[in-house]
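Structures given as structure tokens follow.
Presented sequentially are two complexes of chain A, the first with chain B as partner and the second with chain C.
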Partner chain A sequence: MAKDVKPTRKNLMAIEDRIDLSTRGHSTLEKKRDGLIMEFMDILDQAQDVRSDLDDAYTDAQRNINMARAMDGDVAVRGAAAALKEHPEITTRSKNIMGVVVPEIESSKVKKSLDQRGYGVVGTSARIDEAAEAYEELLEQVILAAEVETAMKKMLEEIETTKRRVNALEFKLLPELHDAQEFIEQKLEEQEREEIFRMKKIKAKKEAEEAEEALVEDDEEVKYETVTADD
Partner chain B sequence: MSQEIAVIGSPDFTTGFRLAGVRRFANVPDADKAEELDDAVEQMLADEEVGIVVMHDEDLDHLSRNVRRSVETSVEPVLVTLGGSGSSSGLREQIKRAIGIDLMDEDQQ
Partner chain C sequence: MSARGEASNYEYVTARAKSRRAALFDADDYRKLVRMGPGEIARFMEESEYEAEMNALGARYSGVDLIEYALNRNLAKHFNDLLRFAEGKLYDYIARYLRKFDAWNVKTVIRGLYAGSERQEIEDDLIRAGELPERTVDRLLEADSIEAVVELLDGTIFGDSLAAAYEDYEETGVLVPLENAVDRAYYRLLLADVPAEPDRATRLYVEFLEAEIDFRNMRNALRLARSGADIDPAEYYIPGGPLFSAGELQALVNNPDQLVEAIRSSTYGDDLDKALNDLDAAGSLIEFELALERALLEYSSQLSNRYPLSVCPVLAYILAKEREVDNIRAIARGKEAGLSADEIEEELVVQ
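== the complex of A and B ==
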């Protein structure tokens, strides 16, 4: 605690410097936190839109594949699914939002034309095509959602650490430093008062001594005078 | 670096994604979900070539606590859940913790 510091002027100056730095850091971090939360609100709005689109796409895709299953049979659908040759790939690039690195996901080969899909056109029906198309659509939404939700997760982590830092400065470090500063100031003042008191004491003692000496001298003078008087 | 999308779930769930060309998938029949889903998910999380993991929201309930937490907070790969009650609950918890307000709840009402 504050009592651990040595009450010296050097320490006081060091603590004052630290208080200065911490206060500045605190206000900067506070601004960062507020900025992050504002950015996060924007992303949250986006995420909610993407979510509802995703849910719509999912129900749509499910309806389509259920139709295909009902009309063509489960085996035909699975057979077609196993025949796919082109695979969607994603590449991630990073983007910087207020010091938070968030990914930008780019996809390729998600949407495919009929002849790119790889299953035979003759052996399968249009319903399977529709289901495949609906799922391709869904995958695009999934990729969008993944991008937005990763960004949200990263932003949230950053907000949490920033908030923790702000609180640590505000409620732990700064009060401790202020305590230490006050402790040293009080101690130094007390030392100063002690010093003045000591000086006063010494002065009084010295004056008393001087007075005594003067008295002795006077006595001696008187003796001397008496001696001369005797002559 | 190019990555792929992976799907984990019951055969019914994964078939559609395979129709769209997803190559990485783990079929876990409904009956075995309690035992096998954990392993399947951990395997996908460890795979560096997987960028996005797609799961059904209800399947998350079959996961053990640890795996569920790691999959919900994972960024690489990121988890996207479908169906169920909208946005993933892990994210919602995180928002509550980080900002102090349940933003998703407010917006849903």
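== the complex of A and C ==
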């Protein structure tokens, strides 16, 4: 890059401005990256807890539905599940963590009481209740995990982007700008030296010419004086 | 199947029921089954009483589904045989208990229509062991809306209850009112028209049905007490059981401890004492429900031995057959889900 830059004072000033801006940007991005990492560590702890709860809820739900299918029969469990068409509702909002927009998921109608599950109370058993309850719990955990893990993924992407930007500034842009600055400075110094040399040369030439002129004038004066003597 | 005016043929039906009961799987068979995989269980069934159903359904289903559908079909065949054998009052006594399968079929059709299932899917889940004629069940399957089902059932034991609950269903959009209406219609007729002064055997049969109603009320009350749902007891309370009135039940549902104490101090207290202690300790209703089933099975068995020429042996056979189907299904599904032999054995109810 350095060799593509015209070594002018104007470019040098522009590059110095860019170096200043990039240095400040680098420092800000570094702070942002560190802040994001700290936030990410908090979310990571939360995500690990949520994932562990999700695993437990899944195991529990599977055990309950297996027991319900075993004791009441697959047909009864499917029948009870078919008795409700209404789906849980999910609303999403967004919140901002250090410039990263992460979702906030709110669910409603996931946990239901016995009378809201659609199947009749009289003809069903506690096993079906327990399977339904375990799946409601699992669904809540899935929604929570979706919220936390999406936030975690978005934070990770942002950390990755910020890290790339910091690295690009630190290892690519700033070194290139410094190279260009150095190149221009060297070129300008060289030009300055050439200029001085040229000036010196011109000055010497001028002095030599002046000396020659002075010599010619002296010779003419001598000649004139000689003629006068002859006269 | 026979008209109600005819004399009952207790000797014939009880002899058939007893011989069939003797052919049911015993504790040794269950011990073998819990140590088999689903494939081996299917093979075992192919060489047993269930051979015809396993072969008939083998082309359509496989694995544990095949076992479950074969069990249901076999159950229906045996119970239809009982209704076919029975005459007179005996037919009525058997039919009033087996109408629970009519209730099951009506609920299955309604659920299928509600969920938009295919006709074949709904038909597969029916257990044709009740009293409704095949033609009526087929017409129910052809219905294209829940309203049409309600209209088709007009004139049956479910007609009035369903018609009354249909408005609630339209208002709420959930099946609870219809399902409760079907089940309550079944339980209401369980004790309808029993003789004012029954003989000793019939009285014990009625006591058994009352116990069934009490147990159903007990388990529903406990489920509601745990769920915390605010439901009017009129929606699920089944009248006829001597243990609770609707008012008592409503008061007890709001106080689970008192409810448990009320059951403990009732006539069923001795039979259910251990289950109630487990319920207090573990908080799970499942063990309690199993204890209720064990108590009912035990009770029916005692009646069967005490009054061999009455409806009691037939009832004992019906319960034992249902339990066999439940046990085999539990073993097959439990094995499919990877449960251990010990875990499965805990869930079995074996006499």
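Observations
The rule is simple: the second predicted complex is superposed on the first by the 229 of 231 C-alpha atoms of A that agree within 3 Å, B and C clash if a C-alpha of one lies under 4 Å from a C-alpha of the other, contacts with A are read in each partner's own complex, and residues count from 1 in each chain.
We adopt the following convention: contacts are C-beta pairs under 8 Å (C-beta built on N, C-alpha and C of every residue); 3 or more make two chains touch, one makes a residue touch a chain.
No experiment lies behind these values; they were computed from the predicted model shown.
In the superposed model, A:70 makes contact with chain C only, not with chain B. Of the two partner chains placed by superposition, only chain C is touched by A:121; chain B is not.
More residues of chain A are in touch with B than with the other of chain B and chain C.
With both structures placed on the common chain, the touch criterion links A:113 to chain C but leaves chain B unconnected.
In the overlay built on the shared chain, the residue A:175 is in contact with neither chain B nor chain C.
In the superposed pair of complexes, A:79 makes contact with chain C only, with no contact to chain B. By the touch criterion stated above, A:99 is placed in contact with neither chain B nor chain C.
Comparing which residues of chain A touch chain B with which touch chain C, the overlap comprises 62, 78, 82, 84, 86, 117. Interface residues of chain A facing chain B in the complex, by the touch rule stated above, are 37, 40, 44, 47-48, 51-52, 54-55, 58, 61-62, 65, 77-78, 80-82, 84, 86-92, 105, 108-110, 112, 117, 128, 131-132, 134-136, 138-139, 142-143, 145-146, 149-150, 152-154, 156-157, 159-160, 163. Within the complex, the chain C residues that touch chain A are 64-65, 68, 72, 103-104, 107-108, 111-112, 114-115, 117, 125, 173-176, 178-180, 182-184, 187, 216, 219-220, 222-224, 226-231, 235-236, 238, 284-286, 288-289, 326, 329-334, 337, 339, 344, 347. Remark: chain B residues 1-5, 15-23, 51-52, 54, 73, 75, 78, 80, 82-83, 86-88, 91, 94-95, 97-99, 103-104, 107 touch chain A in the complex.
Put simply, chain A touches chain C in their complex at residues 62, 66-67, 69-71, 73-75, 78-79, 82-86, 113-123, 125-127, 129-130.
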